[in-house]
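Structures incoming, each one as structure tokens.
What follows is subunit A paired twice: with subunit B in the first complex and subunit C in the second.
And then the complex of A and B:
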């Protein structure tokens, strides 16, 4: 029986494991990908201060520390069910079952699709898949592509692909349909980009920031958005063009593109075909919570945090005894925040086992402070209202505890 | 537009979901059971948020605190022999 099983070897899972090992706990880390690091592996971007964030290097530091502490990490194993048993948890995998007293779910996030007609053709992929192929597997995804969906994540990954020498025509919006919602609305996209603009390293996002002060200015900026798009690192970003259809017989051959109004309506007679052999669709991220759900954890829906989130508090505890969460499963934020949260979870778990150690009490508080600090200094913020979302979640957790006591 | 595929695993279109939602005036969970959207190989990881969005558009159903479409184990594809515990260690 392990003291703790950690599902997910990303920044959150690994840093939690390191803390638990420092306190000499019996730890097992499981991840379904053949390499440790999670989505950290694909990340490569320049911070506003000019420094580069290289996910592969960051991963190396975490895995080296973990292995110095003799951490048991099993890769390429999928967890398909988690059961609450009397004295802990039974974790079912495709390589057998493992039991532990405590469980940390650090499964990160998955991508939301933003379907455009033709999105099932070979050659269409999510922007995250393009990132993994480019930066992890070092495979060129195609000769010339286009990115559908303009957000922080897609802009960052488009830049990574550009650095790897992949030819991108431009970034455009998906055409408006019942599924693409806000992703297709030029003004709403501009709103989101401009609220994070002061944090973003690119000239394009700073442009949004300058006009972000007043709503009317933002409206004007969308209204008078240059017809040829604005260039970021030499690549056009079109807030006023949208793809209605991805074309091809056996494979992507082209996309059909229209000019759109500031509200995202198609302008007649502006139809154009752009020849590409791959398409990346970017619909944002949502927390990957399946295991918390089958473990019986209660949920709270939070738009600010990116979707349905397992109820938890700042110490990364859920209302279920012995069940902890950390990283993007608790809300979509940067890898640095995930890593800091992992540290809190690890210390929090150690504290629960080794009751009454004053040093640990202090360390948990310190680590929680560090999460707040990291969040405030984050250069990439996916959702504008992250603070509000976090505060609300704290209330929901307290409520859930009250109900429990009342029962 | 309505012939766009929503659930890739079970090949359920936007039209299927819209028609079913209108005909039975039902919840997202019922849509899943009636159309099989979200019940395929990927376990709904791809279309779960989309089905939610479509439902909000068609019936005005807003996401509640419960996970939409409900999650059932196994959450990853596994063979029956694995479930039986016969293929534990390779």
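And then the complex of A and C:
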């Protein structure tokens, strides 16, 4: 029986494992991907201070520390079920079942699908798929592509592809449909971009921020958005163009594009065919929470945090005894925040096992402070209002504890 | 045409590290990839994008999410079917088969004509009765 099983070997899971090993706990880390690092692996961007954030190097530091501490990490294993048993948890995988007293779910996030007709053609992929191919596997996903969906993540990855010499025609919006909704609305997309512009390392996003300080300016900026788009590192970003269809027989051959109004309605007679051989769809990220749900954890919906989130507190504890969460499963934020949260979770878990060690009490508080600090200094923020979302979640956790006592 | 989709030089990540070459077959044809490649990345490096066809319609499919969630990339590896190409590392001598169309003995050719609600069913019955 393990002291703790950690599901997910990304920045949160690995840094939690390191803390647990430092306190000599019996730890097992499981991840489905053959390499440790999670989505941190693919990350590559320039910080506002000019330094490069290189996910591969950051991962190496974490895995090296973990292996020095003799951490058991099993890769290429899928967890498909988690069962609450009397004295802990039973984790079901495709390589057998593992039991532990405590469970940390650090499964991260996945990409929301933003379907566009023709999206099943080979050559169409999520923007994150292209990121992993480009930076981790070092494979060019195509000769010339287009990015559908304009958000912080897609802008960052478009830049990464550009760095690797992959030719992108432009970034455009998806055509409005019941699924794409706000992602297809130029005003709302501009709104979201401008509220986080001060954090963004890109020239484009900073431009958006300047123009869009006042409501009226933002409206005008969308209204009079240049017909040929605004360029970021030489690549046009079109807030007023949308793709309605991806065309091809055996693979992607072109996309059909329309001009759109400031509300995202197609303008008749503006139809155009753009030849591309790959398409990246960016629908944003959502927390990957299924395992917390089957473990019986209560949930709370938070738009600020990016979706349905397992209820938890700042110590990364859920209302379920022995169940912890850390990283993007608790809200969509940068890998640095996830790593800092992992540290809190690891220390929190050690404190629960070792009980009454003053040093650990202090270390948990210190690590929690570190999360706040990292959050405030984050250069990439996916959702505006993350702070409000976090505060609200703290209240929800307290309420859930009260209800429990009342019962 | 081998591995010509590799990003060899990168301004920040540097040149591609030296890695062992690994040989495998896909639908009977021999390909090579690099140690650490997944089936999906090794094939894409060789310009292969179609990993299977839809079991009923026969339409081509490739990777979509590349992190094991969408299951669009499932292939048969050494006779085990339903293996995700995006999560499985290539090994020397691996025999990989693409997903093939499946027989549809009970598929109906006139699905469009089926009633979708009970009301539609009743209406159709009535028309039949009238004849």
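As a working rule, the second predicted complex is superposed on the first by the 407 of 407 C-alpha atoms of A that agree within 3 Å, B and C clash if a C-alpha of one lies under 4 Å from a C-alpha of the other, contacts with A are read in each partner's own complex, and residues count from 1 in each chain.
The definition used in the following text is that a contact is a pair of C-beta atoms (placed from the backbone, for glycine too) under 8 Å apart; a residue touches a chain by one contact, two chains touch by 3 or more.
Computed from a predicted structure; not experimentally measured.
Room for both subunit B and subunit C is found when the two structures are superposed via subunit A, with no clash between them. Of the two partner chains, subunit C is the only one touched by A:250; subunit B is not.
In the superposition on chain A, contact is made by A:290 with subunit B only, not with subunit C. In the superposition on chain A, A:32 makes contact with both subunit B and subunit C.
Applying the stated contact rule after C-alpha superposition, one finds that A:79 touches subunit B and leaves subunit C untouched. When the two complexes are overlaid on their common chain A, residue A:300 makes contact with subunit B while staying clear of subunit C. Angle at the C-alpha centre of subunit A formed with the centres of subunit B and subunit C, after superposition on chain A: 50°, rounded to the nearest 10. Once chain A of one complex is fitted onto chain A of the other, the partner contacts of A:273 are absent, as it touches neither subunit B nor subunit C. After overlaying the two complexes on the shared chain, residue contacts for A:373 are found with neither subunit B nor subunit C.
Of the two partner chains, subunit C is the only one that A:121 touches; subunit B does not reach it. Once chain A of one complex is fitted onto chain A of the other, the partner contacts of A:402 are absent, as it touches neither subunit B nor subunit C. Put simply, subunit B and subunit C get as close as 5 Å, counting only Cα atoms, in the superposed view. Overlaid on A, the two complexes show subunit B and subunit C touching the same residues of subunit A, namely 32, 78, 110, 113, 119-120.
Residue ranges on subunit B touching subunit A, taken from their complex, read 1, 3-6, 8, 14, 18, 43, 45-47, 49-50, 53-54, 57-58, 63-68, 70-76, 78, 82, 85, 87-90.
Within the complex, the subunit C residues that touch subunit A are 5-13, 16, 36-38, 41, 44-45, 49-51, 54, 59-70, 72, 86-89. Subunit A makes touch with subunit C in their complex at residues 32-35, 39, 44, 52, 54, 56, 76, 78, 110-111, 113, 119-126, 128-130, 132-135, 137-141, 163-166, 250-251. Subunit A meets subunit B in the complex at residues 32, 78-81, 92, 94-97, 110, 112-113, 115-117, 119-120, 177-179, 181, 283, 286, 288-291, 293-294, 298-301, 307-308.
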